[in-house]
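Presented sequentially are two complexes of subunit A, the first with subunit B as partner and the second with subunit C.
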Partner chain A sequence: MSVLSLRQAPPERLDFLNIAPATLAALSQGEAERLPIGTTRRGLVLGDCFQVSLDGGDSLTIEGGHERLDRVGAALGQGTIRVVGDVGQRLGEGMAGGTLTVTGNAGPYAGTGATGGTITIEGDAGDHAGGAVYAAKAGLDGATLIVKGTAGRHLGDRMRRGLILVERAGDHAGSRMIAGTIAAGSVGDHPGFGMRRGTLLLGSHGRLTPTFVETGTHDLVFLRLLARSLQRLSPRHAEIAAGPLRRYSGDLATIAKGEIWAAA
Partner chain B sequence: MSDLTLNGIRVEDTFAEAFDVAGTAIVVTNDTAKWAMIAATTMTGFATSVIGCGAEAGIDAELSPEETPDGRPGVRILLFGFEPNGLKEQLLKRVGQCILTCPGTACFAGVEGPTKIKLGGAIRYFGDGFAIAKRLPDHTGKMRRYWRIPVMDGEFLCEDSVRAVDGAVGGGNLLFLGRNHAETLKVAEVAVEAAKAIPGAILPFPGGIVRSGSKVGARTKGMMASTNDAYCPTLKGRAGSALPAECGVVLEIVIDALTSQGVSDSMRAALHAATEVGAQHGLVAITAGNYGGNLGRHHYRLRDLLEKNPAVKETEA
Partner chain C sequence: MTAWVKGDATDAEGAIAAAAALLAAAHAPVFAGLNADVAAIRAAYRLAGTIGASLDTQGAAGTYADLGALARVGAMTTTPAEARGRADVALVVGAKPEASALVAALRGGKPVRGRAAGADRQVLSVGGASAETLPSDLALLRAYAKGHLKDESPLNGIARALYAAQYGVVLYDPAELGELGVEMLQGLVRDVNEVTRCFALSLGDSDQDRAVVQVSAWTTGQAPRTGFGRKVPEHDPWRFDAVRQVSAGEADAALWLSSLPAARPDWLGALPSIAIVGEGSPEAVPGTAEIVIAVGVPGASAGGVLWNEGRAALTYRPGAGGGPSAADVLARIEHHIAGKDS
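And then the complex of A and B:
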């Protein structure tokens, strides 16, 4: 297991796009320490901020996180990254595979554009977790994003594919969703605002947008499959799927092929 | 006259000739085993022969809730056609008319294989734009895509695509030469139960048994097949009859399976089961149907099936 140990709080935002286990495995200690991670003209390299210890494996631990570590695990294709601490924005952006775990909190846009793999945030996530960045077509795009704490507003905004599991989320969860599934213990107001397709499974929720219409309670095979698929990741969310649920169809302001399943 | 015997019953030293076919399997589930079976029985109706019905189909197994993707009772159905395109057409028609229409059913892929057949992805058009696709992991974590089609009892959930296997074989067979109809039917019934018990094998004819075995061609112009006159007891004594004087009835079982091994195992099980009860029901002999060995690639020699648990010897022409 390769280890990067943070020496001290970074003097600027750091970009971890090029710091992946596979990249480090192909480099010598010196080459790895010279990888650029700075975002200003200061020209910071990895060795300036981190003590680097490489073993050539496909597992990387970043000890000592910080909210200035941006794009950690971005474009990760395989292997494992574990961050002990917090990270900044765009955790796992465009990630295609592998496992990414953060023991602390994550900034905004975690999992944006991620097409595969599993991202786990053991603390809280910022706004737009699994959401699309400015001008991007889609947010989460096939990966699995798990937030064990609280996610901010606009969770899964323009999400296209994949699964988001959160304990709590703020307002506008699933806004403008293209497709995919979000399961949450509770969310704030206006879940699914402007969603086209997709599924929200909610233990509780705030005010619903008036452009959602209740279709009643239904015993559908889909719910059985959803409960089974959630069971492996979170028995608590699987329990919501298996329990009594009311279905709301919407957003009728769009093509209205989305749905909210709310615990009855 | 063959000198082969099994459990005191004469076994002709010949072979069953079988063909490569396209085969697939689906799993149909429902809230109750009764309604899963109703759906499966409906879908596998009129599917005795590819030539006349477009497909051969049958029920492979009843599945417990623990064995199905959605945790409901289910039935595994096998469907065979000459080639993948014909199989696809039949699958769509049968699922569309018999499974989609049946209250409470859902439909899943029942086998892995190299050839993809779009199923839910085609039937979704019945949903008139209201159908929803969902990708969910199965119990192994593999992502699967389903279509949820709004219907009047809720939703019809159907897997986006199913798979056709390589190596499916159709036309394994045994002929039971008996003395009278009732007794020979009992022997054939026992054989059918034994043959059906092999996973991945079905017997598509009514109750697994066919009484109108056929030969290729006919004296009538344009007929592809006609009665197997050599085994018709009312034609005994004529030149070309293959029946001994004491034989008064012949019944045949036909076996299709997802693998050649399945056909072989199924024929072996049927052969042994039939001969074990044959003497008490006046069975005269057991033989198999072939076309001289020139049409089908798979030859199952009865001689090789006499041992109960040997290494299989299926000969390829």
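And then the complex of A and C:
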């Protein structure tokens, strides 16, 4: 297991786009230490901020995270990255596979554009977790994003595929969703604002937008399948899916093929 | 030229040398405001490219609400002159546009050109009562327009009026609506265009953000919040938010460019800063920043190309005298820094 240990709090935001286990495995100690990660004209390299210890394997641990570490695990294709501490924006951006775990909190846009793999945030996530960045086609796009704490506003904004599982989320969860599934213990006001398709499974929620209409209680095979697929990730969310649910259809302002399942 | 360094009046050369020294010592400077004529905005992008600074604008909240929705769903827009000349139905969204001169002119006039010429003009409004419910009012209106909801509510009446119009115009303030609201509104406009003509018209603040968007696009290919820290222009609306960068302690120097009148941002005193402000403005005082340089006000005491709200274009505004220009001050700061580096 390769280890990067943070020497001290970074003086600027650092870009981890090029720091992946597969990249590091092909490099010598010196080459790895010279990888540019700075974002200002200081021109910081990996060795300036981290103690580097490589073993050529496909797992990487970042000891000592910081909220200034951007794009950790971005474009990860395989292998494992574990961050002990916090990370900044765009955790796992465009990730295609592998496992990414953060023991602390994540900044905004975690899992944006991620097409595969599993991202786990053990603390809180910022705004737009699983949401799309400026001018991007979609947010989460097939990966699994798990937030054990609280996610900010606009969770899964414009997500297109995949699963988001959170304990709590702020306002506008699932806004402008294209498709995909979000399961949340509780969310704030206006979940699903402007959603086209997709499924929100909510333990509780704030105010609903008036463009969602209740369509009654149903006993659908889909819900049993959803409960079963959630069971292996989070029994608590599976319980919500298995319990009595009210269904709302919306957002009527769009093509209205989305649905909110709220615990009755 | 009027200039102050650390509260003491000085000449132009002294202030420019001090500004160059301040910026040359910084690792991650931010340029904010950019509320100036096109020449000054261009000079600011050139200087930022030289020293690796990032840029942000005065009205970024509204600008990015519009740009974010534009990037996602596109936009169908018109100009104030076309709205006055052709619109037979105007829909005022939210409370802020009510204060604009254009809305007053629309209420007082009739369409004189096009298919609706001579007809009466209906001016409707939605969502002015509460900013809280504004996006959901828009969503409801769009649901009525689509025919997904049907009843006798006033919103249904508004939706039908937009469909019955020869030329509808929907006026809004992007900062009040937010990106979600603007996207919903552009979707509504697009839906109505399946049947008749309908356009959105964004009424921003009076700052020069529209000019910055154009200069930034032709200079960097990107929207305004661009950083040059890694030599190439990088666009990131979250990372280069000036307020965020200052409060997170990431920026170590600031240059606030506002040769047109604007309120000084609160955070300017939090870090070493330079203010380039219009002469005679309330901000042209020694306490505004560590280094303050007063320059000609474009369109008043100096000539300059500005965003023309009425014509929706960049036009030259003549000025009275030969006051020092902000573009010249920025170019001289750049020369100073380049001279020291070589």
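Keep this in mind: the second predicted complex is superposed on the first by the 264 of 264 C-alpha atoms of A that agree within 3 Å, B and C clash if a C-alpha of one lies under 4 Å from a C-alpha of the other, contacts with A are read in each partner's own complex, and residues count from 1 in each chain.
As a working rule, a residue touches a chain if its C-beta (ideal position, glycine included) is under 8 Å from a C-beta of that chain, and two chains touch if they have at least 3 such contacts.
None of the values given here were measured: they were computed from a predicted structure.
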item: Partners on subunit A (subunit B, subunit C) - clash or fit; value: fit
item: Partner touching more residues of subunit A, whether subunit B or subunit C; value: C
item: Subunit B versus subunit C as contact partner of A:Leu60, first or second or both or neither; value: neither
item: Partner chain(s) touched by A:Ser229 [first = subunit B, second = subunit C, both, neither]; value: first
item: Subunit A-centred angle between subunit C and subunit B, computed on Cα centres after superposition, in steps of 10 °; value: 130
item: Touched partner set for A:Arg161, first subunit B, second subunit C, both or neither; value: first
item: Contacts of A:Arg13 with subunit B and subunit C, given as first, second, both or neither; value: second
item: Touching partner for A:Val83 - first (subunit B), second (subunit C), both, neither; value: neither
item: Partner chain(s) touched by A:Arg197 [first = subunit B, second = subunit C, both, neither]; value: first
item: Minimal inter-chain CA distance - subunit C and subunit B, angstrom; value: 14
item: Complex interface listing, subunit A residues touching subunit C; value: 11-13, 38-42, 68, 70, 89, 108-109, 133-135, 158, 172, 175-176, 190, 193-194, 209-211, 251-254, 256
item: Of all residues in subunit C, those that touch subunit A in their complex; value: 27-28, 51-52, 64, 67-68, 71-72, 135-136, 138-140, 142-143, 146, 148-149, 180, 183-184, 187-188, 223, 227, 229-231, 235-239, 250
item: Complex contacts: residues of subunit B adjacent to subunit A; value: 29, 69-72, 106, 130, 132-139, 141, 146, 148, 154-155, 157
item: Residue ranges of subunit A in contact with subunit B within the complex; value: 161, 179, 181, 197, 199, 218-222, 224-226, 228-229, 232, 257, 259
